[in-house]
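Below, each structure is written out as structure tokens.
Shared between the two complexes below is subunit A, which pairs with subunit B and subunit C, respectively.
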Partner chain A sequence: MYREETQATQEHGAGKPPGERRPTAGWWRRNQRAYTPYLFLLPFFSIYCVFMLYPILDALRLSFFEAGGFGTPEFIGLGNYRQLLEDPRYLKALENTTIYTLASIFILSPIALILAVTIRSFVVPWATFKSFYRLTFFLPFITSLVVVALMFNVVFDPNYGLLNAFLTSIGLPQLGWLRSPDLALPSVIMVGIWTYVGINSLYFLAGLQNIPDELHEAAAVDGAGRVKTFFYVTLPLLKPVILFVVVQATIFSYQLFELPFLLTGGGPSDATLTLAIYLYETGFRQFDRGYASAIGYSMALIAIAIAATQLYLYRRLER
Partner chain B sequence: MSHKLRTRFWQVLGNAFLLFAVFLTVMPYIYMVTSSFKPGSELFSIPVRIFPESLYLGNYELLLRETDFVRWFLNSVFVSAARTALSIVISIMAGYAFAKFAFRFKGVLFVLVIAMLTLPIYVLIVPLYTMMITFGWTDTYIALILPVAAQAIGVFLARQYLLSIPDEMLDAARIDGAGEWTVFWRIILPLSKPVIAVLGILFFTTTWNDFVWPLVVLTESRMFTVSLGLPTLLGPYSQEYGAILAGSFLSTLPIAAVFLVMQRRFVEAITAGAIKG
Partner chain C sequence: MRRRLSRREFLKVAGAGVAGAALLGTAGCGGQGDEGQEGGAESLEMWLFSEERAEWIRQVLQSEVWTSEHGDVEVNLRVFPYEQMHDRLQTALVSGRGAPDLADVEISRFSPFIRGDQVPFVPLNDRIGDEIDNVYTPAGTDPWTWEGQIYGLGNELNTCVLAYRQDIMEDAGIQTPFETWDQVIEAGREISTADRKMFAIHDEAFGDHYMMSQSAGTTYFDEQGNYIGDNELSIEAMQFLYDLVYEHEIADIAPVAGDDQWYPPNYRAAFRAERFVAVFGPPWHLAMLPLDVPDQSGLWTVQEFPQGVGEGIPTAQFGGTGQCITVQSEKPDLAWELIRACNLTTEGVLEDFKLRTVYPTYSPAYEDPALQEPSDYFADTRFGELYSSLAPQLVPFNQSPQWAEATETIIRDVITPVMQDRADAAEALRQVRSAIEGG
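The block that comes next holds the complex of A and B.
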């Protein structure tokens, strides 16, 4: 502390009588430790407060107002939320999004786990193969969803698409895919699986690598077969990662927007309408800001509920 | 002997399964690249062929000469670079404060950051858009850069990394008379290179690929980013599939280049949230 002071005198007082030193300099020298953290937080929290916190609170306020068009908003209490529960389009969007989420949990995640376990197992003993598989499965995740959608638009094209060409070549009838009300949602789910299965298998792989080999060897010594080892040793140890993957998949599935928006625009006849697309249509096409904010808050509530469940389950896992 | 044979059998089967998955993953990319070199007559021919008969460059000519693609590409480069730089600086600064200082309200402020990790952007997008109109920021670069620069994941990862730097190192510098800013600039930043690389990859990729926010704040074609511009080529009056695929291919190149150069860091960056979270 003493040395600091002398240096301050040298720096600021060089060639000047002591009285002419900036009065704040000494004060700053003495107090900077206390104020520094706030100054370092300032840029982040300025942007955070203006562009996130304020809009979030504003949306909460708006969700209690009838705020369509350019007229003065009118307070209607929980009116927007009550209307959501009776809105067939909202319920359809909720249903579609939930189906997509269930597919993420019960189709996508198991496939990802199987891929990861296969890569990690004795089946692929060669390091170059391992990293080749890893890198390939990583690709779709870093590709823009716009590019993914544009590619699959061509793949799913009823007349000239790869998929129907394949069906024809094995003698099956062609299908409408994205244009058919029954197949549109399954098609979007297929694209979703294609996009996200790789990254989730990498999450599982990271989890598998944290399980020490000795445990498997010990199980083998005890006479457990590979299948038994997997179910009684690997799977229980993988629980935290499984929980993470499922929670991530659930949270992001409920926010699904780009793929259906670009592949089908939510159609045909709302077959692929999601919560986010419905919010976008309400807020930015019909300019009903109050109702759109209510949809947004319903999505936030879903995310919070999932996060809370995750926290609860983590606590139980740790015990 | 039979044991060895059985191992071989499973190896063949397992790798066949994995290679089939690789095939499914790679096929759309191959189709995208090869089709971008096909004239319209070949693109829409039956039976469907994967490889073009000859290397046709018309789609690229159309894309580069008659659409705003070049402008979109440059917009994306500028916006992604600026937003990445800004996000990195404020993330490291905030992460440093959380990692290395004790101060009042630290816990509350950190919870405020973490709360943003799971909250969907859709909650705030409508009022945020209204705000952009009030500021007169629609169709500007600043709207694409500033409002989305505060990324909670960045603060979280920076804090996580900086926790591992020993306090003694910073205190030694302070005893030598270094001010707090000097400590940050001369010691923290140089030591943060690995986490800066991770954040750089993470922010650049997400900004480059972002679709929702540009869709909301941009209406003029000359301000579009690549992600927003490409689908507009698929309008009701123009079905330039070839040009769209060419544009998709070109727009994937920058990310693919970064990926090839820094594979390990890239995987680390994208899976960072999972392993550390």
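The block that comes next holds the complex of A and C.
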């Protein structure tokens, strides 16, 4: 320590007149407190710029080009974006993705809320059981989607699947869950609900735990029943969590790829084609990089627009 | 006594660490060196999507045909999952760096590489030279050929045949081999019950229609790569498949799964349970029978496709993988030597036959007794003799930049609507043209 201080003193000009200090050393001493945090952040931002920001900006540039295969890209302005509006497959993918998103908001989220309220309520009185349920609901979320898809491929199998075995046992006809264009998307939604309801329940549970018990007790003293307490006390106080769940469900739903890709590959007849699968097909199987970039940007714009609308509506409700 | 690390020292160490990592990273980005790992030996890098194919190449690398001249060459085989390998290859080739010397390209993933005005593979025409006369080109080179240039060489002679349960036909008093599809349909009516059908027809894959189209005498594209899949022969093939299921009721929709639309475990289980007693397809498809239905050994037999659909060509081809040299390779000659050893030598192709029972596209290999051995499973059929006699009758494979798009459209707009919803085959196939040309 002594030697270090001595060296430091010498390096910083001890014994020299103040005017002879090196200007850079002086600058650093004056500014290091301000700049050091940025130095520590530099590695992250370097990686971010190279691997995230640059591809994002380059994809924006590419979306204005006809860039199919290995030829020289040709500038076509908004041509790719105009094509999106006339492309029936893109519109089908948009429709499917929107249906999945709506199901996430209006089916998955309410189920998650009901589960959370149930776990926290008198229905599950023991703490050990509450933990057990929390763990059970969370398990599908941490299970690999490949495993989930393999499992549900077996469950949905028309001939040997669990669901059809059940239907047959009660005298109903077998259904082509993932094979029929009418049933494929509902089947994928069912798997999505099974996979993601647990994590959303945990969000709601966290929100419920932040509501002081005194409020519920006060409502009970005022003569409010459980249902009224839920609608007039619990639900209004859960608004921030509900908004968070809905916004993240919207954003993630518009990026839906793995589940339908692994379960159906987007078929049959595009019944489960999502925007992300269409982007992948266009970008890699057809190798049309310009159009794929335009699809990517359209996905981002849609998700941003919907999330912004939700935030706006929420703020209006707050007032 | 522990000495505290000063901020200056920390920054120095951190800076050195970052600089070191950057240097290492830069070194890692330096492309493939010309030298091998040791002693300055030459090296090659090859990307594949199948561990079995990698094993074949390992066997070739250990054989005399390679070691006699190139024993000191290091060949780095990198196996990726199917989609990932092709995606990475496209990305590396379009970015201009990072591609291997050579790569396996599956038949249905070749079309993106010929979109645009540059093809990122090295033409092999001059290197193949007169050996082209020894190759069954519809399977060996056509799928990787565009505008007269051969960009890849495939080893699999995927000649399709009809296979059926001989014992069940004999028990029903049905005369075989079948000469016409009408006889097959008649036999199917004899043996089909509620729990047993002759065939399993796919409703989310184009293979059945593609095979029958070739047997009818047509294919999806002409020599210039223009879509012709809506011609009368193609429509007849589609109608034939529809009729097998709904008119003659001798076929059911194939029990497949979302993650495997061709022959997943439940499809194979259906053959084990004798729900289906006949199948038509290439060798790799029939190979599921000895593998997954071993207890039916000796009960199956095979024959060429019967007459009666279109021109009645007795075979078709389906599937295949070619080896291509990338334009980024700095050692195309050495890469070609590996392709040649694997595909154009009897020793090389026999290694694949021993390992995967692949019948080769290299015709001189059929003189080897190993390829003429009878199959115990398929009632002593001599597949080598059968396939090599059918190979010259294969319909040429016409590649197109729109191949992937067309086959996906055919599945989506023709196969599934016709086989599931009984849509009109002719109308559905004609709509594909507008979808492809519009796209």
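By definition in this document, the second predicted complex is superposed on the first by the 274 of 319 C-alpha atoms of A that agree within 3 Å, B and C clash if a C-alpha of one lies under 4 Å from a C-alpha of the other, contacts with A are read in each partner's own complex, and residues count from 1 in each chain.
Everything below uses one rule, namely that a contact is a pair of C-beta atoms (placed from the backbone, for glycine too) under 8 Å apart; a residue touches a chain by one contact, two chains touch by 3 or more.
All figures in this text were calculated on a predicted structure; none of them were measured in a lab.
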item: Partner chain in contact with A:A149 - subunit B first, subunit C second, else both or neither; value: both
item: First (subunit B), second (subunit C), both or neither touched by A:G68; value: second
item: Partner chain in contact with A:P140 - subunit B first, subunit C second, else both or neither; value: first
item: Partner chain(s) touched by A:P268 [first = subunit B, second = subunit C, both, neither]; value: second
item: Partner chain(s) touched by A:R289 [first = subunit B, second = subunit C, both, neither]; value: both
item: Partner chain in contact with A:P212 - subunit B first, subunit C second, else both or neither; value: neither
item: First, second, both or neither for A:M52, with subunit B first and subunit C second; value: first
item: First, second, both or neither for A:P43, with subunit B first and subunit C second; value: both
item: More subunit A residues in contact - subunit B or subunit C; value: B
item: Which superposed partner A:P158 touches (first subunit B, second subunit C, both, neither); value: second
item: Residues of subunit A contacting subunit B in one complex and subunit C in the other; value: 4, 43, 149-150, 153, 159-160, 262, 284, 289
item: Subunit B partner contacts - residues on subunit A that touch it in the complex; value: 3-4, 7, 29, 32-34, 36-38, 40-41, 43-45, 47-48, 50-56, 58-59, 62, 115, 118-119, 121-125, 129, 132-155, 159-162, 165, 168-169, 194, 198-199, 202-203, 206, 241, 244, 248, 251, 254-255, 257-258, 262, 275-276, 279-280, 283-284, 289, 292-293, 295-297, 299-300, 303-304, 306-307
item: Partner subunit A, residues of subunit B touching it in the complex; value: 7, 10-11, 13-15, 17-18, 21-22, 24-29, 31-32, 35, 43-48, 89-91, 93-94, 96-98, 101, 103, 106, 109, 112-113, 116, 118-131, 146-150, 155, 175, 177, 179-180, 184, 205, 208-209, 211-212, 215-216, 226-228, 230-231, 234, 241, 244-245, 248, 251-252, 255, 259, 263, 266-267, 270-271, 274-275, 277
item: Complex contact set, residues of subunit A against subunit C; value: 1, 4, 8, 39, 43, 68-72, 149-150, 153, 156-160, 178-181, 262-265, 267-270, 281, 284-289
item: Sites on subunit C touched by subunit A in the complex; value: 3-4, 6, 8, 11, 18, 83, 86-87, 90, 93-94, 109, 112-120, 203-204, 253, 255, 257-259, 261, 266, 269-270, 401, 404-405, 408, 411-413, 416-417, 420-421
